[in-house]
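To start, the structure itself, in structure tokens.
Read from first to last, the chains carry the letters A, B, C, D, E and F; within each, the first residue is number 1.
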Amino acid sequence: MTIDLQESRTALYSAVLSDVMDGLGLMNQAMATFVRPLDESLVMMGRARTGLYMDVYSIEDGEDPYDVEIAMVDDLKTGDVAVLACRGPTTRIAPWGELLSTAARCRGAQGCVTDGLVRDIRKIREMNFPVFHGGIGPLDSKGRAKMMKRDVPIDCAGVRIHPGDIVFGDADGVVVVPQARAEEVIAAALRKVTSENHTRDALLEGKLLREVYDEFGVL
Amino acid sequence: MTIDLQESRTALYSAVLSDVMDGLGLMNQAMATFVRPLDESLVMMGRARTGLYMDVYSIEDGEDPYDVEIAMVDDLKTGDVAVLACRGPTTRIAPWGELLSTAARCRGAQGCVTDGLVRDIRKIREMNFPVFHGGIGPLDSKGRAKMMKRDVPIDCAGVRIHPGDIVFGDADGVVVVPQARAEEVIAAALRKVTSENHTRDALLEGKLLREVYDEFGVL
Amino acid sequence: MTIDLQESRTALYSAVLSDVMDGLGLMNQAMATFVRPLDESLVMMGRARTGLYMDVYSIEDGEDPYDVEIAMVDDLKTGDVAVLACRGPTTRIAPWGELLSTAARCRGAQGCVTDGLVRDIRKIREMNFPVFHGGIGPLDSKGRAKMMKRDVPIDCAGVRIHPGDIVFGDADGVVVVPQARAEEVIAAALRKVTSENHTRDALLEGKLLREVYDEFGVL
Amino acid sequence: MTIDLQESRTALYSAVLSDVMDGLGLMNQAMATFVRPLDESLVMMGRARTGLYMDVYSIEDGEDPYDVEIAMVDDLKTGDVAVLACRGPTTRIAPWGELLSTAARCRGAQGCVTDGLVRDIRKIREMNFPVFHGGIGPLDSKGRAKMMKRDVPIDCAGVRIHPGDIVFGDADGVVVVPQARAEEVIAAALRKVTSENHTRDALLEGKLLREVYDEFGVL
Amino acid sequence: MTIDLQESRTALYSAVLSDVMDGLGLMNQAMATFVRPLDESLVMMGRARTGLYMDVYSIEDGEDPYDVEIAMVDDLKTGDVAVLACRGPTTRIAPWGELLSTAARCRGAQGCVTDGLVRDIRKIREMNFPVFHGGIGPLDSKGRAKMMKRDVPIDCAGVRIHPGDIVFGDADGVVVVPQARAEEVIAAALRKVTSENHTRDALLEGKLLREVYDEFGVL
Amino acid sequence: MTIDLQESRTALYSAVLSDVMDGLGLMNQAMATFVRPLDESLVMMGRARTGLYMDVYSIEDGEDPYDVEIAMVDDLKTGDVAVLACRGPTTRIAPWGELLSTAARCRGAQGCVTDGLVRDIRKIREMNFPVFHGGIGPLDSKGRAKMMKRDVPIDCAGVRIHPGDIVFGDADGVVVVPQARAEEVIAAALRKVTSENHTRDALLEGKLLREVYDEFGVL
């Protein structure tokens, strides 16, 4: 894949990616609205690395409650985004916090998305590390939930995600671009940004929406 | 109606309008709390122009998915507030965004309230255009929902709204003043603001709440 | 109890208190995530003073709708935190606002937690008075809900709270430390803060999470 | 009031009462659908006697957890229906069961409606005593909830009910006829039953719905 | 299409159709569990005729609130099933009742499925007309909701349905077979019924599940 | 343990067990009301054997989607009750059906409780095998959820359950008696049944509830 993540992260936004995917018939790529950015000024774009959590009610003798999670974080590569599925938004536990953000950034990760909770939010914001979460709360996952599998297909906030899909998050929310369609989608999105600029300019000149929409076909 | 929208917008706040309407037996005029301002520092006050959305799952041949919506936005007048009912807060689609905000402001609109979602939030905030929304998300309405009727009675976030009602929004939420009661309500609210100032002053002097409430009857 | 509230308020945070209580088998001490701080930069710590609300649909002749509430606020002592249980988050009414914040602060209270709503949020933020709430809305409680009992055990946002328990709130949420365990919990939390600092330092040096967790046992 | 409860109970049904009240502008008189009959073959009609519950988390020294409830049941009169508001359907407790059904029937009560739970359902069904409930569960109210007020206005499953209103329940659900409109509503409902019979007959003869609706105006 | 609806209705059941579609990658064909049969002993199978409802809050001058609905019912053909989408299960209104059941049966319809409510349930049960519904309630749709479109793609209880799809309902729920796959699915389902019979026989002989599943591959 | 399950199953009911546990301070032993019996005439009592499910979105190469589940069912002993935790009631999948009921009964199991769904309900009812479920639906668990652990502590419908606890279900719902308290609870429950019979008799003689409650202390 020859996508320039750095350039795309700057030029694109989630709404234009969503519109382009709509036009291609990919209509279920936006996460539910309960997933929000910890910092609305940050933009996140990277390749999905997935983790799947199960609620648990005990730790068995000799069990390491974090083994799969630690292995996944230590295996993150430059440009990866950790995507953690906890069957939110009813989850009470926070699978992500400051220490995991620190570890992930040291491996080159671009951010984290979870339908579960996040904690240590003030420290994470100070790091400028993009985290998109299903809520904020102090409860650790230990003894409450465990990552059972990693690098498998998951469902996070209503979107099916495979390892390697492109995950994009900004102030409007998170969208997922399937790996096989990524080049096509991103190229079309870069073109659509231009049409929206023409539409805005025409409206600011005082034209009616009817005229402008008939001319540019963008709303 | 001889209400001075500009002056009232500066002097009043949603809680005092709500209290005054309570006293007149109008007890169901505050929208549900899931409707929040995009910018808590802005105050919005204007006359309701209503739109009613239906979820759809296809666009029929030759159908314009935006026709009613475009007609309504192009018909907005100075002092109007667009009020869009999508049967939130479970809606996933965003009927409102930056381009509609731009078009509405050019017509003189004072803001927008919807129980649906809003997108392009960073650009809308830069415009200082007041939008009160039922959530934030990137999904366009096209092929997902359509405005079917405009300028009809609607229910938005639990409040019945007729075209021409006064809609007021600030950091505490959105209240609706029925058109026929607007002068009476606004006059009483301006008076109540004064009583609350007396109450605050007395509390700051160290008086007990019991004494202060018995004297001013305001809490 | 010889807890130094001032020192603990500065040194601790909700996540470390939660982790320490988890280790002691106190696993249900964190309020549900719908309770959020009005100002994420403030930290609140104090002794619980409790109030229990019931939804009502009328005010009987001669009834004072605020009598128990006023008595409780006027009886607040230095270091107290008002904890108001309204069976949120479905409550529409705001039992707390600017005037009660003013009255409570004058008595020496450290803050307020409620699973109900709060109003007058801009003025409360200007006061720097910590309020943790189940939502924001303009509706007064008068004629809608009434504090029926005070200084009794309550359930607020999923946590059982007795008068005198220690309530701690910061940007990550609210945790409750049972009075009988407070000294033990706070002492252990102060120690754990140090371990987390070591973990962070080791991660920033580039060590793998696996090594660091094996060394410090903190995540 | 000269309503013949016995005759009306036999001739009417909830849907026709609802339709008639709709025609008179009383559009919020049907309880939410989570309230279901324990026995779908029974019809209940009577005058509302109301009770209002609050969740509690302790029993204070010397407190009788059932005092208001017992007083209300012992005061039931022939033709009364107990209507118990628990802020369902999230309540876990059962304010009603076999023993209260037995006591109520001995006083002449016609049934019970609650948005809370009911227990001892097999024995109540054997009694042929009509109970409409918000769920079924074994948990007693003692120490969990308490009737705080009786014979006051309440909200039960979304309908405002005053003591003395007519409560009607059958397999389709529960509707409430305000006392002041009861004679008018019941008389109109008895007439509408006849129109529906004509409509059904015409449809069974094979006529199109279009023709039949144009002729009788009933659907 | 040469499907024998009568034979398939007798031989098949919803679980086996669901399993067969799972095997073909059609994994989202079962309606959500809130849709239940009015009579668990009836089986329904037929071709979908769709209707799409919108909540309304008024009837405009000269508007016929039932026009699209009446046209659709009068146009039903032998073997059709009316499928009505109301964005349940939060809908309060009942788009279907005894009179529509009577009219639909006279046209040859095989049943009705809706995520909205149904009323007149005792009379419909007496007719042995299969109705699958999202709840039971007495409220008419008039002035509350209106069928805006018919014979278009809809979403009902989480399943996308096109006109002409095969709808199958029994005590376990409702599944939808896309028209283009119907012959393939039904043929495979008839074969799978035989395997399940072998599995049951082997278990009844006392074999372990492990052995039986390894032999027949069915659970 | 010397509990006579057969005798207790006949003499007791869930409400009396719940009341007795309340009196001993065990106040969270009743499952949430969304768990209902498939057949209200059956009573189930036995020792818990637990299974914990996780939602999955794929089956990995060589993975047996049913391995833990099959091992658990084949290991059931006489008097066991299968208790399956799926994080209901939002689960769409049915972990239990007719074939598992058949296999479990052949091993001597007394029933099944799950917060997930059940399918094949008509055939299970014909077997008179007690199943308590969180809903009814046709979707198999294969490729949607998997039992990851068995014979561990779980949470099912809000109750913490350990292997070996006594599970009791009847028409009013399901209660769980911790193993260590089982003898004490069951003995007290058998005594309480007698007091309730005295209360009923006194009420049927026409005594007021006030008198009867003061005499027997049972409601």
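Here is the rule we use: a residue touches a chain if its C-beta (ideal position, glycine included) is under 8 Å from a C-beta of that chain, and two chains touch if they have at least 3 such contacts.
None of these values were measured; they are calculated from a predicted model.
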Original post:
Which chains lie in contact with each of subunit C and subunit D?
Top reply: none
**OP:** Figure out the least number of contact steps between subunit D and subunit F, where 1 means they touch directly.
**Re:** 1
Original post:
Does the subunit B and subunit C pair touch with the same residues on each side or with different residues, judged by whether over half of the numbers are shared?
Top reply: different
**OP:** Taking CA centroids for every chain, report which one is farthest away from subunit D.
**Re:** A
Original post:
How many angstrom lie between the CA centroids of subunit A and subunit E, rounded to a whole number?
Top reply: 36
Original post:
Using CA atom averages as chain centres, what separation in Å is found between subunit B and subunit E?
Top reply: 40
Subject >> Geometric centre distance via CA averages, subunit C-subunit A, whole Å >> reply: 31
Subject >> Multi-partner residues of subunit E (each touching 2 or more other chains) >> reply: none
**OP:** Specify the contact topology among the chains shown, as one of line, ring, star, complete or other.
**Re:** other
Original post:
What pairs of chains are touching here?
Top reply: A-B, A-C, A-F, B-C, B-E, C-D, D-E, D-F, E-F
Subject >> For the subunit B and subunit A complex, residues of the former touching the latter >> reply: 66, 70-71, 73-74, 92, 94, 97-100, 102-103, 106, 117, 119-122, 135-140, 142-144
**OP:** Report the residues of subunit F in contact with subunit A in the complex, numbered from low to high.
**Re:** 52, 54-58, 60, 87, 90, 148-149, 152-155, 160
**OP:** Write out the stretch or stretches of subunit A touching subunit B in their complex.
**Re:** 13-15, 17-19, 22, 27, 30, 32-33, 36, 40-41, 170-173, 175, 196, 199-200, 203-204, 206, 208-210, 212-213, 218-219
